[in-house]
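Look at the two complexes coming up: chain A is in both, with chain B in one and chain C in the other.
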Partner chain A sequence: MTGGTARRALWVGASFVLVFGIWEWAGRWPISPAFPSFSQTVLALGRMAADGSLARAYASTLQPLLIGVAISAAVGVGAGVAMGLSRSIEWLTLPLFVIAQAAPMAAIIPLITYMYGIGLTAKVLAVTILAIPVIAMNSYKGIRNTSPSLLEMCRAFLGTRRQAVWKVVLPYAAGLIFVGLRLGVAMGFIGVVIAELLITPTGIGDLITYHSSVADYPEMFAAIASIVALGALAVHGLQRLEQRLFPPEIRG
Partner chain B sequence: MTDAAVEARGVGKRYGTGVEALRDVSVAFPRGRLTTLLGPSGCGKTTLLKIVAGLVAPTSGEVRVQGRPVEGPGPERAFVFQDFALLPWATVLRNVAFGLELRGVPREARHETARRWIGEVGLTGFEESYPHQLSGGMRQRVGLARALAVDAEIILMDEPFSAVDEQTRRKFQEDLLVLLRDRGRTVIFVTHSIEEAVYLSDQIVLLTPRPGTVHRIIQPSVERGRRNPDEIRRDKGYLDAVDEIWQVLKRHVG
Partner chain C sequence: MRVQGRRLSITVIALVGVLGILAGSAWSQSTTKIRYALGDVVGIDDLPLLIAADRAKARGVEVEITAFKSEEIATQAVINGQADVGQGTPYAAIQKVSVPIRFFYQLSTLQFFPVVAKEQYKTWKDLDGQDLAVHARGSGTEAIMVLAAKQHGIKYKSISYVPGSQVRALALLKGTIKATILDAPNKSFVMKEAPDKFVILPLGELKASDEALFASTAFLEKNQAAVSVLLEELLKVTRAMNANPSFVVDERKRLGLLKDLPEKMEAEVLPYYQEGVQGGIFPADGGAARAAANDIEFFTLAGQIKGEGAKAEDFWNVAPLKAALTRVGS
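Let's turn to the complex of A and B:
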């Protein structure tokens, strides 16, 4: 470990201690009877892990999340690459994705419930409408940013259009496509939590709603904190993977 | 003079924006010789090179390569790019072999050819390096090796040394002459450096700008033989040619 990374670990650690410290202090003060301290929340998390309710909740929450993210990855990358490669497809579909990315898509979720009910389909849809636009837009930008000079090189050395796409355009865009997937996963977490809070309380959404309704505030906070932590860790893990697979110096 | 490997006849190029890059350019590029397109920026020299390469279509006139009109890039021409145009995610070996890869040459065969050319340009030991790990001069050696590896008779070089520092540039010019000696390749070389043009060329095409036209064609009488580079740079023919070209070009500067 070099001096730089050691110093960094120290400050990052200090950041956690500071936030959890303020949380603990605010909970003990207390600023509100509904605001538990950090230690109460950790204990509640332990209880929920021990009685299995946390594991059952995640088994149910992760299902629409994983299915939704898988569908979003396929559709988003596919649409983004198609828009990047074809002007007609770009003109046809790009406005859709631009609007979808800018609009508060959560507003559509009640409409999804109306059309698809309260089952798994509706929740998967909630994940996809949030995740697809960002994945598609990043893939599209990745393809469009391909260095014109590399494309000219490919042509000069007699590369066909297909070869240019497979050997130059897609490798060039891979880094940005992966960024899109990482952001898509982050959006997927938002989508699944909104779905579980707005459509039907299941999984982690159920834990949050139930414990808040019976005023078990430490449990409610523990459920919220656990999904925040899981989302942050998943996205951070993808970011680490991204830096290993596509370090900036080979991204072109 | 020997017969022409490449011939431009009345070539003109007007871009969609109305800018006329070239007007009525007719030049013959002798087989097995190095011809430089020399001129200030805006004289259309890179445009002319890309028309020969088949990367840009002329708006009038035509280019013939070995007697056949150019309709696009061809296997008998290879290009060396000003900005190197190397795949940043590929090793030196794959970059040098890339032209062969696009032609469907099997991996073993193309890597063997690539290794040989990597050796010729002096990069042995860097086969598994990535472009970002190399200096500008070394990157351009990769670009040159890639062009030589496809075994094209005509090598087109677009200001290949403009992005490298002066010392590297001189060494590279000397190595280029050694590399090309006795191989019978026809080279068309774009530069804005008078010294570089005179040092390297059998024939210099002087272009003047707005629109780009051929001002004069010069065959510098530099006694090159197998003399060392410093002798060439002190040669009377070399110095006279540099001066003669400067007298022409300085009217177009500023």
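Let's turn to the complex of A and C:
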């Protein structure tokens, strides 16, 4: 380990200790009789991991999340690239994505139940309506931001339109498309938790609502903390992968 | 001259200020405010409370009702001191949270109806090994259905959770679910929409609380007079309503309560109270010791109360109700 990375690790560690320390203090003070301390939450997480309820919950939550993210990636990248390459598709669909990105989705998700009921479809849909706009918008920007000098060079070498797209535009946009996918995964986590809290309580949403209804506040906080941690780790992992795969000038 | 004038105006301002403070404190002495946390939007089932609140106001006790998104949030408001009185049955929270909170009045007992699709099921026995939908894990609806299964010696294949009687009623009509449990308005709605398609399975009398009032022991101790006024009015309204359910309809009109109620809902007010009164869900004595015992039994089964040997005094404070009953007569 070099001196730089060691120092960085130390700072990261110190930041965690500080946040968890404040949490522990706030729980012991307490800021509310229902607010558990960090240590109580960790113990509750241990109990839920030991009795298998956490694993069962994630097996259920990851299903709509993974299906939803896969659909969003395909539809989002496809729509973004199409909008980037064709003015008429851009004119037709861009406003939809701009509106979808700005709309308060927590207000819209309950409406899904009126159309798609309460099953897996409704939850997958909740993930996709949050994830697709951000993936599509980033892919679109990636295509549109292709360096004009590179395109000029392609034309100078008598490259065809197809060659320009496959050999210049897409590789250049790959960085931003990947950024979109990373943000899409983050939105997917938000979508699946909102769906599990607002549509029907299953998986991690069930753990949160059930433990809240029987006033097991440490367990409720542990369930929330675990999904936050998983979401953060997934997004961080994708960010590391992105840094490794793409040079900084095309990451946007 | 100018200095004197300024002094005079400062004196006048100070005097007005002092008088204002005095008037304010006199007003606050004559009117006590109870911040009341409701765990749902104000609906037709809250009319007795609204009538009682209106009458309490005339006696110097202002009941300020705030509707929260859920019973849990309303309970948190009481635990954290942002509300004085809450409505609901948060037995688990009262058992687990360090702040001493006690129930002190039972507004109504549970009234639910197991509704099943006629084509598949006709009796309780037919539900053996079948799927069932209830409100939520650990909810009263689940406890009622599990208790009924025990009584009839059957076992469900699976229990799924679909929050909201209205959502389950629509799912039942759509055919997404075949067996569930509904509250009175939604049971009536389903039976009216498709009278030949569904049957209501018989259920023994439910004695546990559906809605009860709770507050911190400190609040009950400090505000005995105000709490008594509220309880006295609630008792009087409940008794008048039990004697004649149309009392609620008349009072609503007279006092102008829930003015923006749609016509369709307005027509449901009288049947709702007629059915409730007939089912005996509004106790004329506020429940008290009997309510505590029934609730402890039921909510232990529901999994809300943990452990054996829970005592009534750990959950209920019957003193305010006793005081109110002596004033209005038992």
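By our rule, the second predicted complex is superposed on the first by the 248 of 252 C-alpha atoms of A that agree within 3 Å, B and C clash if a C-alpha of one lies under 4 Å from a C-alpha of the other, contacts with A are read in each partner's own complex, and residues count from 1 in each chain.
Operating definition for what follows: contacts are C-beta pairs under 8 Å (C-beta built on N, C-alpha and C of every residue); 3 or more make two chains touch, one makes a residue touch a chain.
Keep in mind it's a predicted model, so treat the numbers as computed, not measured.
Peer 1: Could you tell me if A:L18 is touching chain B, chain C, both of them or neither one (first, second, both, neither)?
Peer 2: The answer is neither, since A:L18 touches no partner chain.
Peer 1: Does chain B (first) or chain C (second) touch A:D206, or do both, or does neither?
Peer 2: After superposition on chain A, A:D206 lies in contact with chain C alone.
Peer 1: Go through the superposed model and pick first if A:A215 touches only chain B, second if only chain C, both, or neither.
Peer 2: In the superposed model, A:A215 contacts chain C only, not chain B.
Peer 1: Of the partners chain B and chain C, which touch A:A229 in the superposed model: first, second, both, neither?
Peer 2: A:A229 contacts neither chain B nor chain C.
Peer 1: Touch check for A:A34: first (chain B), second (chain C), both, or neither?
Peer 2: The answer is second: A:A34 touches chain C but not chain B.
Peer 1: May I ask you to decide whether A:A156 touches chain B, chain C, both, or neither, giving the answer as first, second, both or neither?
Peer 2: A:A156 contacts chain B only, not chain C.
Peer 1: Counting only touches as set out at the top, which of chain B and chain C does A:T113 meet: first, second, both, neither?
Peer 2: second
Peer 1: Please write out, lowest number first, the residues of chain A touched by both chain B and chain C across the two complexes.
Peer 2: Correct list for chain A: none, the interfaces share no residue.
Peer 1: Quick check: in the complex, which residue numbers of chain C touch chain A?
Peer 2: Per the touch definition, chain C meets chain A at residues 72, 76, 79-80, 90, 92-93, 95-99, 136-139, 160-163, 167, 171, 174, 176, 303-304.
Peer 1: Mind pulling up the chain B residues that touch chain A in the complex?
Peer 2: Interface residues on chain B, with respect to chain A: 53-55, 73-75, 77-79, 81, 83, 85, 87-89, 98-99, 101-103, 130, 132, 146, 150.
Peer 1: Contact residues on chain A for chain B in the complex?
Peer 2: That would be residues 147, 149-150, 152-160, 163, 167-168, 171, 249-252 of chain A.
Peer 1: Enumerate the contact residues on chain A facing chain C in the complex.
Peer 2: Going through chain A, the ones touching chain C are 32-34, 113, 117-118, 200-202, 206, 209-210, 212-217.
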